[in-house]
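Note that chain A is present in both complexes that follow, paired respectively with chain B and with chain C.
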Partner chain A sequence: MMTDLNKALNEFCLRIADNSLIHAQRISEWTGHGPILEEDIAMSNVALDLIGQARGFYTYAAQIEANGKTEDVYAFHRGEREFRNKLMVELPDNKDFGFTMMKLFLNGCFDYLMFRDLMKSTDETISGLAAKSIKEVTYHVRHAGDWVVRLGDGTQESHERVQNSLNELWPFTNELFEQDNIDTLLITNGIAFDKESFRSEWTKMVTEIFAKATLSIPENNTYFPTGGLKGVHTEHFGFLLAEMQYLPRMYPDAVW
Partner chain B sequence: MDSNHQWPTWEVFTQKKQGAAHEHAGSVHAPDGEIALLNARDVYGRRQEGVNIWVVPSNAIIASSPEDAGSFFDPANDKMYRSPNFFKTADGLKQI
Partner chain C sequence: MDINVKTDDVSEKENAFNDSIQAGKVIEPKDWMPEKYRKQLLRMMSQHAHSEVVGMLPEGNWITRAPSLARKAILIAKVQDEAGHGLYIYSAAETLGMDRSEMIDQLLAGKAKYSSIFNYPTISWADIGAIGWLVDGAAIVNQTVLAKCSYGPYSRAMLRICREENFHNKQGYQILAYLMRGTQEQKAMAQDAMNRWWWPALMMFGPSDKESPNSADLLKWKVKLFTNDDLRQRFIDRTVEQAQAIGLKIPDDKLKWNEETRHYDFGEINWDEFFQVINGNGPCNKLRLKQRNDAHTNGQWVRDAAKAYAEKKKTN
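Take a look at the complex of A and B:
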């Protein structure tokens, strides 16, 4: 049996890992379909970074659970209701490059601040994983931020399209900061940190880029979708899992 | 974008380690220098190739033409004494 603290730590790791894995799965859909060769490679690189982060946190989650589970069990043998990723990352990109960059930027700024805090975690594995991840995320924020600026401050069409992406994604940003009693317990133990403490910094980060991009944050938004922490997902999520999990479920003995 | 709807090309130079000379790695398409730098990083820096990258607009490079080859290079053919081949160097010396 896991202690309450270990249970919380296990759940905490799965939340981070799920978010990175599902985000990576969406981005990897661009592989072979990027707008230019360079960007195709860039997006595959980002997806691989995120998969690497997911693997690190799944492996630690498995180590805490200590019942023989592996990273693959978490990734390929759980159903929709067991995944803890935020709704934003599972939204389909519909081959809209600006949407993908906007999503990567919004989530990336959050991940950057989260990992920056987690580098100070009293749990050495968590702080180590955070120190590795933050270098990757720093690049994701720069890459995606550069494109948000260029598309926003580009042609009339690129401006309209990336503004629409922001309008569509903005309501989902609230969920990034959601936390519950799992977080509270870890915060008390110095393992995790209060996400609200960097919310204003996050807002400043994204607002600065939007000013350069001549984009405006939608006002008077009253609906903020949520559900990831409870495993309640959008209608798109089942299809994503079906594609991602098909092979290991169909051929359970398959090996690389 | 130029007339054939391609972004301009940029030549990429990567440095393997500090102090080493930058070497030509290839080229990328990009609308401006910052994106060229990121594209170069993603295409030519993803396998631990180096510690530093330069990007240069391809049209900023002035190249000699094949017709120049005779007058540029052939006169050096019979002047071996210009190469430092006849000096003895210490065994441990690599970067020379």
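Take a look at the complex of A and C:
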């Protein structure tokens, strides 16, 4: 039996891992289809980083559970309601490069601040994983931020497109900061940190880039999608899992 | 005679060029070279770069469905390597006087060729193993020799690329080895991939030299060091035992070790199929061209924006 603290820690790891994996799955759809060859390489890199992060946190989650689970059991043998990723990362990109970069930027800024705090975690594995991840996320934020600026301040068409992406994605950013009693328990134990504490910093980070990009944050949003923490996802998510999990589900006894 | 001999007589220059190649000199971009040498190399190198880029498509087809996180990461890294190879060879080809964008335009217009193998579909996970093992294996046999070719930028690109291809080759073989020690369904999947990819892999070396219009010149200039048939034989000889080691059957009843020649004898290649595919009638020719064109068209606004932004920053 896991202690309450271990249960919380396990769940905490799965949330981070799921988010990175599902984000990677979307970004990896671009491989071979990018706007220029250099971007194919860059996006593959980002996807690889995110998969690496997911594997690190899944492996630690499995270690805490200590019942023989592996990273692949988490990734390929759980259903929609068991995944804890934020809704934003599962949204389909539909080969809209601006949408992909905006998503990477918004989520990346959040991950950057989260990992920066987690480097101070009293849990050494968490702080170690955070220290590794932040190097990668720093690059993601810079890369995606550069593109947001280029597209925002590029042509009329690119400005309109990426402003639309921002309009569409902005309501989903609220969910990034959601936390529940799992977080509270870990915060009390010095393992995790209050996400609200860096919210204003996050807003400053993204606002600065949007100013350079001549983009404006949409106002008057009345609906802020939520559900990831409880495993209630968008209609898109089942298709993503069906595709990702198809082989291990079809041949459950197989080793690959 | 010096390769850059100061004379206006082209045939004299060409003789000097041929002599220096015979003497083992490596040609660099600023050296004088016969127009035909430049053109042949540009054709080969741009085709090679296109092959790397188009080759990303059949393999990329399985990234979102790779059956484990490790396999997914390896496959993304592999396809990413191919993009890198494409970039590297395009850059090397640019030293011969054509821009990457112009080469890509030729590809998109359907005027440039790329390796016929990528016009076959990847319909199962085992195909990813077969591509790594057989297709990259065949590419290594070709490229190891190209690494010693007479044109410096190409040979250096090949040296570097071969190192990565060796990893690709091993990961492909490993995928199949895992399948062959797995369930009945996995074994069947692997054998099916073997049956479908073996002959197209042999065709990668190109038609028999009797039928290969460019071979004589390329051999003379040491752009090619061996004939297509030599390289094909080399590939077969090194691959048969690898197949046997994991229990895969090679789909050729005539395949047999020949004690006299110290090589494997093998059956007749279906050259009609080969010419059908290189003339645009393979299973995926239209799809591959459409996929590349879609990516290009779909990315136009991004490239335009990047250009416009760079212009603005220049004037500000």
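As a working rule, the second predicted complex is superposed on the first by the 252 of 256 C-alpha atoms of A that agree within 3 Å, B and C clash if a C-alpha of one lies under 4 Å from a C-alpha of the other, contacts with A are read in each partner's own complex, and residues count from 1 in each chain.
Please note the rule applied: contacts are C-beta pairs under 8 Å (C-beta built on N, C-alpha and C of every residue); 3 or more make two chains touch, one makes a residue touch a chain.
The shown structure was predicted, so the numbers you read here are calculated from the model rather than taken from an experiment.
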Contacts of A:Glu201 with chain B and chain C, given as first, second, both or neither: neither
Which of chain B and chain C A:Arg142 touches, first, second, both or neither: first
Partner chain(s) touched by A:Asn45 [first = chain B, second = chain C, both, neither]: both
Partner chain(s) touched by A:Asp253 [first = chain B, second = chain C, both, neither]: second
Partner chain(s) touched by A:Arg150 [first = chain B, second = chain C, both, neither]: both
Touched partner set for A:Ile36, first chain B, second chain C, both or neither: both
Shared chain A contacts, counted only where both chain B and chain C touch the same residue: 36-39, 41, 45, 150
Complex contact set, residues of chain C against chain A: 53, 56-57, 59-60, 63-73, 76-77, 79-80, 83-84, 86-87, 90, 125, 175, 178-179, 182-183, 185-186, 291, 294-295, 298-306, 308-309, 312
Residues of chain A that touch chain B when the two form their complex: 36-39, 41-42, 45, 139, 142-143, 146, 150
Residues of chain B defined as touching chain A within the complex: 7, 28-32, 34-35, 38-39, 41-43, 46
Of all residues in chain A, those that touch chain C in their complex: 21, 25, 28-29, 31-41, 44-45, 47-48, 51-52, 54-55, 58, 71-72, 75-76, 95, 97-98, 149-151, 153-155, 157-158, 161, 243-244, 246-248, 251, 253-256
